[in-house]
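As structure tokens, here come the structures.
What follows is a pair of complexes built around subunit A, which joins subunit B in one and subunit C in the other.
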Partner chain A sequence: MKKLHFLFGSRRTWAWPYVLFLVLFVVLPLLLIFVYAFTTPSGEFTIKNFVQFFETSEAVNTFIYSIAIALLTTVVCLLLGYPAAYIMASAEMKTPAVMAMLFILPMWINFLLRTLATVELFNIFGLPLGEGALIYGMCYDFLPFMIYPIYNTLQKMDRSLIEAAHDLGANKKQVFFKVILPLSKPGIYSGIIMVFMPTVSTFAISELLTHNKITLFGSLIQRAFGEGGLQMWNYGAALSLIMLIIIGLTSFFGNQDEQEAQSVI
Partner chain B sequence: MMKENLSPAQIEAKKRARNLLMRRIISHSYLWLLIVLLYAPILLIIIFSFSRSKVLGNWTGFTFDLYQNLFTGYDRVAQVQVNPDMYASLWYTFLIAIIAASIATLLGTLAAIGIYNMRQRSRKAIQLLNSVPMINPDILTGISLFLLFVFLGISRGLTTVIIAHVVFCTPYVVLSVMPRLTKMNPNIYEAALDLGATPFQALRKVMMPELWPGMLSGFILSITLSIDDFGVTFFTKGSSGINTLSTYIYADASRGGLTPELRPLFSLIFLTILVLLIIINWRAARQAKKMTK
Partner chain C sequence: MAKPEFIIEVNHVSKQFEDGKFALNDVSLQVKKGEFVTILGPSGCGKTTLLRCIAGFQVASEGDILLKGEDITQTPPHKRPVNTVFQKYALFPHLNVYDNVAFGLKLKKLDSDTIMKRVRQALKTVGMSDYEFRNVDSLSGGQQQRVAIARAIVNQPEVLLLDEPLAALDLKMRKDMQLELKEMHKKLGITFIYVTHDQEEALTLSDRVVVMREGKIQQIGTPTDIYNEPINCFVADFIGESNILNGTMIRDRKVAFCDQEFDCIDEGFGDNNPVDVVIRPEDIYIWDASLEKKGKVEGQEDIDPDDRVPKGNFTKLYGVVDSSIFKGVHYEMTVKTENGYEFMVQDYHEYAPGTEVGMLVKPEDIQVMQKERLWNTFEGEVREGGLVRFLDEDWPVSDRALEPFSTGDKVEVRVAFERVTLLDHEDDGVLAGDVHFILYKGDHYHLTVRTDDGDDIYVDTNDVWDDGDRCGIQIAPSSIRLAKAE
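Presenting the complex of A and B:
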């Protein structure tokens, strides 16, 4: 009984169930991706899965193409989203909360249904479903993820810094590039990560938007697990590991830069 | 004639006011343009919820038929049943969301309290681990869990989907409860224990009231994430026949046709959320007004 009280008395132990949960359902599954990636279906060690990837030029091309599409989507979202966030956070805006709400509200409609409706919009206006539709659709789906974090950092920014810069003789351009932009860096980084990560790994959106004409890396992985049967799982795991590395690198560099940006403040 | 009487300073002021107005018009139209683009597909869905057409964009006349079909489950004109799988997927979507969000809120709140009381180093380690499911894209979370369930020989179904949803919801609960803990006086829990409360009583009567807002926002966020999920559900549902709305729509679209009754269904969901948000905002505004008085 005393031991039991000790267990509950120290609140540190309250996290144990979750730690156990994380080990079982986050760490172990990720380790399994490693294991499957480096084994044959019968369980022997091999690097054949990776060799197969690098020897299939179609797979490598899809991989590079997906990263390019994701980068392009992220840049477009940033170029469209930053001004929107800036306007929303500016003092002229009388109802910023309502505007922020308006940008988030569409996310409550299932994104697949919205994507399908976008496809129909393209059909109605007689636009072709291809690369353009893909990038438009992805920007459409992820633009709010860019606007929101930037808007948040801009809104929390100390306005007296801008006034101080003005008083010290900076012109508008200087104030923006030397004060506002550097201070909104954390928001930009989280926006970039929140757009890049899902676009580089998506599979459903691209299939719907292009009627399966364009295959992205995510679809390649999904097909390995879906249609390929048992034989393909190890290959799929190898592809997943490659994506995991991309995600890991992105978040690592994002984190590094974010810390740097915060240390500037 | 009047103009000539204006001093240079006044002219300058007038010019500035006009510039400001122009800037406002341009910046506001930019925002509204984005909003129009953002809402165009949704508007299309709502408009075509009033038409029987098989596909969007092919208007065949105004009717409430689809709404009637949605509620009766039977299409009287075509004399066919509305796909029962759609209703099942709607039910599963909410069932999974509520169960997963409840478990995540419980697990996440306890975890946040535990993590908060940890030493710096172990706290950092667990927080890093906690951020992994948030950073991981849904396809990787889905595949890694798929491999786990296959590895452990667990057949995939409702339980595995719920577990998977708890995986990606709990980190957000931890993150929304954490700030409440830092604001809380750390001594009141000990005070309650000293005054004879059991740890459970102290948790329920002392800590819960303080942590409540964080738990609530974590719960709501979890519900939202769970309802919106596609990738994780796709890989963890197996061939059990269980579908959420996301996976149902995907399967439906892959077959080439989309159940028309989805249009009134999502129009109604959208309308409900809109009304809810307006009420919440209106009440918040009224409260803010009261405070200033």
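Presenting the complex of A and C:
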């Protein structure tokens, strides 16, 4: 009994299942990607996989194009999302909760279903699928991720700061650019990260909304694993690693800025 | 144009919120240039609303506000030459101390040399010179408030508005800052309008105090006026400690309370008129009466070795000390008199509970006030079946009271304070309400009970109720008097 109590009484014991889960499904796969990326199919060490990527202009172009699309999506989401969040957080809004709900509601439905529905909508209205449809679809899917963090920071902002700025002689525009915008930076950063990261690695949305006409980096990886056969796994692993590094870097810089912004609030 | 006499004039300003409640109800106030005026009142009295109307954050529903004779009622806050110090400082967290203070000057597009000079000067005034490049979050509450004051005064406003600026500081810091604010006011020569709920702060700092309650100004006066000559029970009770008693003005300079007659210095209240009497606890002289009564001593020197009690032909009260608390400098004692009245007395000497004591008050320390009302009055209408409708309810009334009236007559309903019955269960009463204000009158409580419709009923009772208690209200038919409506 005493032993059992010792075993289950400790909080550390309860962490074991999670540690096991993390090792099995996060650490191990990451290690495998790392190992595969730096080996040949026969298991010897090589950097050929990375060289191959940088030598294939198509792959590099796809990579740059994916980042451009992701950036564009992020910018559009920001331009649409900030005003929406601002209006919702403003004092004149009587039912901000309902509005927030309406923006969040589509997220209850799986994004593949929503994307398929978007495809159907384009078909019904006879609109061509392609780049425009892709950006439209991604903005539609990821807009809530931009609105919500910005809305949160704006809502939590001390109203007396706005009054203080008015009191010190700032007109509405000056209040916005000198107080509200700088103070909503943390929300903007989280929004950017939450939109940019998933869009840069997306492949299903792009395939559905462009009839496979546009290949994004995510699709490249997917094809390396899915269609290339075992021979291509090492190359696919190298591509995954490159993408991981890019995402890692953006979130790292994002976090730094965010912490800085957070520390002043 | 003639130079206006007042820098700020608030003329009949009312502010009504969407729910129909008045935050300000016909408020008028004039402030002279360079004056330190404090608006004092309990929370919810409208003092902050008044300040916000002057600052421009809220627009008055009625009336107008003049600054140096110019109407600024509708002027947006950023165009008013006034600056505000907020209760929670409201410093911009993304800017350092220097940039916070420079915020207003930069908006005015002054050159950076002038800005630097003025910011440094302002920071020096508040004693924060070494903190220019500190993050505002790294500062203590007191330091943040200094920066907030610097940020306001750097703009050289005509009027500085301070909204409970010291409320968030601890007591010691608050006392220090009070002195510094007073110094600053002297040095800068700017008009200060200061909002607080702390009566001591108001008395310490101000040239004039404005006492507010429920959106209305109760009294405006110098701290000594407000303290020594409170205009009504609310002011007397709110400012400092006081004994408030029912009394009768027998004639000029003669008032009766506690079943005894006292000399006083008040005149013009008429003969045999009911009044309220206020006696401050520190104005009561107290001595050990057992020695005096037993006849062991003869001269007053023996009962009063320190020669504190004034000699002369004063009316004396005798009683027994009920409780005594040490308050630091003085003892606060409750004394129950022979005829059942309780007095709060403050004295440097302690008289232990159980001690028989004598008390007296000098005539000039007895403050007599006109009673605000002598009974409850309501507008009513006679209904069929011996009922009178008032306060939105039908109340049975005695036949005798109804005799001169017929159905449909408008009447004035009068109910004596002590004839209103309060019940523990709200369902047992004809009406329900909350205890809103409690005044201890020495031998009973005078309560203000607010009904759910917002009407006030005044009740005298011996029962102890707490502020905010829910109660049922009942009035016996025989207690309802009717008079012809005017």
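As a working rule, the second predicted complex is superposed on the first by the 242 of 265 C-alpha atoms of A that agree within 3 Å, B and C clash if a C-alpha of one lies under 4 Å from a C-alpha of the other, contacts with A are read in each partner's own complex, and residues count from 1 in each chain.
Note that in this section a residue touches a chain if its C-beta (ideal position, glycine included) is under 8 Å from a C-beta of that chain, and two chains touch if they have at least 3 such contacts.
No experiment lies behind these values; they were computed from the predicted model shown.
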| item | value |
| --- | --- |
| Overlay on subunit A: subunit C relative to subunit B, clash or fit | fit |
| Subunit B versus subunit C as contact partner of A:Q174, first or second or both or neither | second |
| Once both complexes are placed on the shared chain, angle at subunit A toward subunit B and subunit C, C-alpha, multiple of 10 degrees | 70 |
| Which superposed partner A:E58 touches (first subunit B, second subunit C, both, neither) | neither |
| Touched partner set for A:M197, first subunit B, second subunit C, both or neither | first |
| Subunit A residues touched by each partner, larger count belonging to subunit B or subunit C | B |
| Subunit B versus subunit C as contact partner of A:E44, first or second or both or neither | neither |
| First, second, both or neither for A:I109, with subunit B first and subunit C second | first |
| First, second, both or neither for A:F25, with subunit B first and subunit C second | first |
| Nearest Cα pair across subunit B and subunit C, whole Å | 7 |
| Residues of subunit A contacting subunit B in one complex and subunit C in the other | none |
| Subunit A contact footprint on subunit C (complex, rising order) | 55-57, 76-79, 82-84, 86, 88, 90-94, 103-104, 107-108, 135, 137, 151-152, 155 |
| Partner subunit B, residues of subunit A touching it in the complex | 5, 8-19, 21-22, 25-30, 32-33, 36, 80, 83-84, 87-88, 90, 92, 97-99, 101-103, 105-114, 116-118, 120-121, 123-124, 140, 143-144, 193, 197-198, 200-204, 207-208, 218, 221-222, 225, 233, 236-237, 240, 243-244, 247, 251 |
| In the complex with subunit C, residue positions of subunit A that touch it | 158, 160-161, 163-171, 174, 178-179, 182-183, 185, 261, 263-265 |
| Contact set on subunit B toward subunit A in their complex | 23-24, 27-28, 30-31, 34-35, 37-42, 44-45, 55-57, 107-108, 110-118, 126, 129-130, 132-133, 135-140, 143-148, 151, 163-164, 166-167, 170, 174, 189, 193, 199-200, 224, 228, 230-231, 234-235, 245-246, 249-250, 253-254, 258, 262, 266, 269-270, 273-274, 277, 281 |
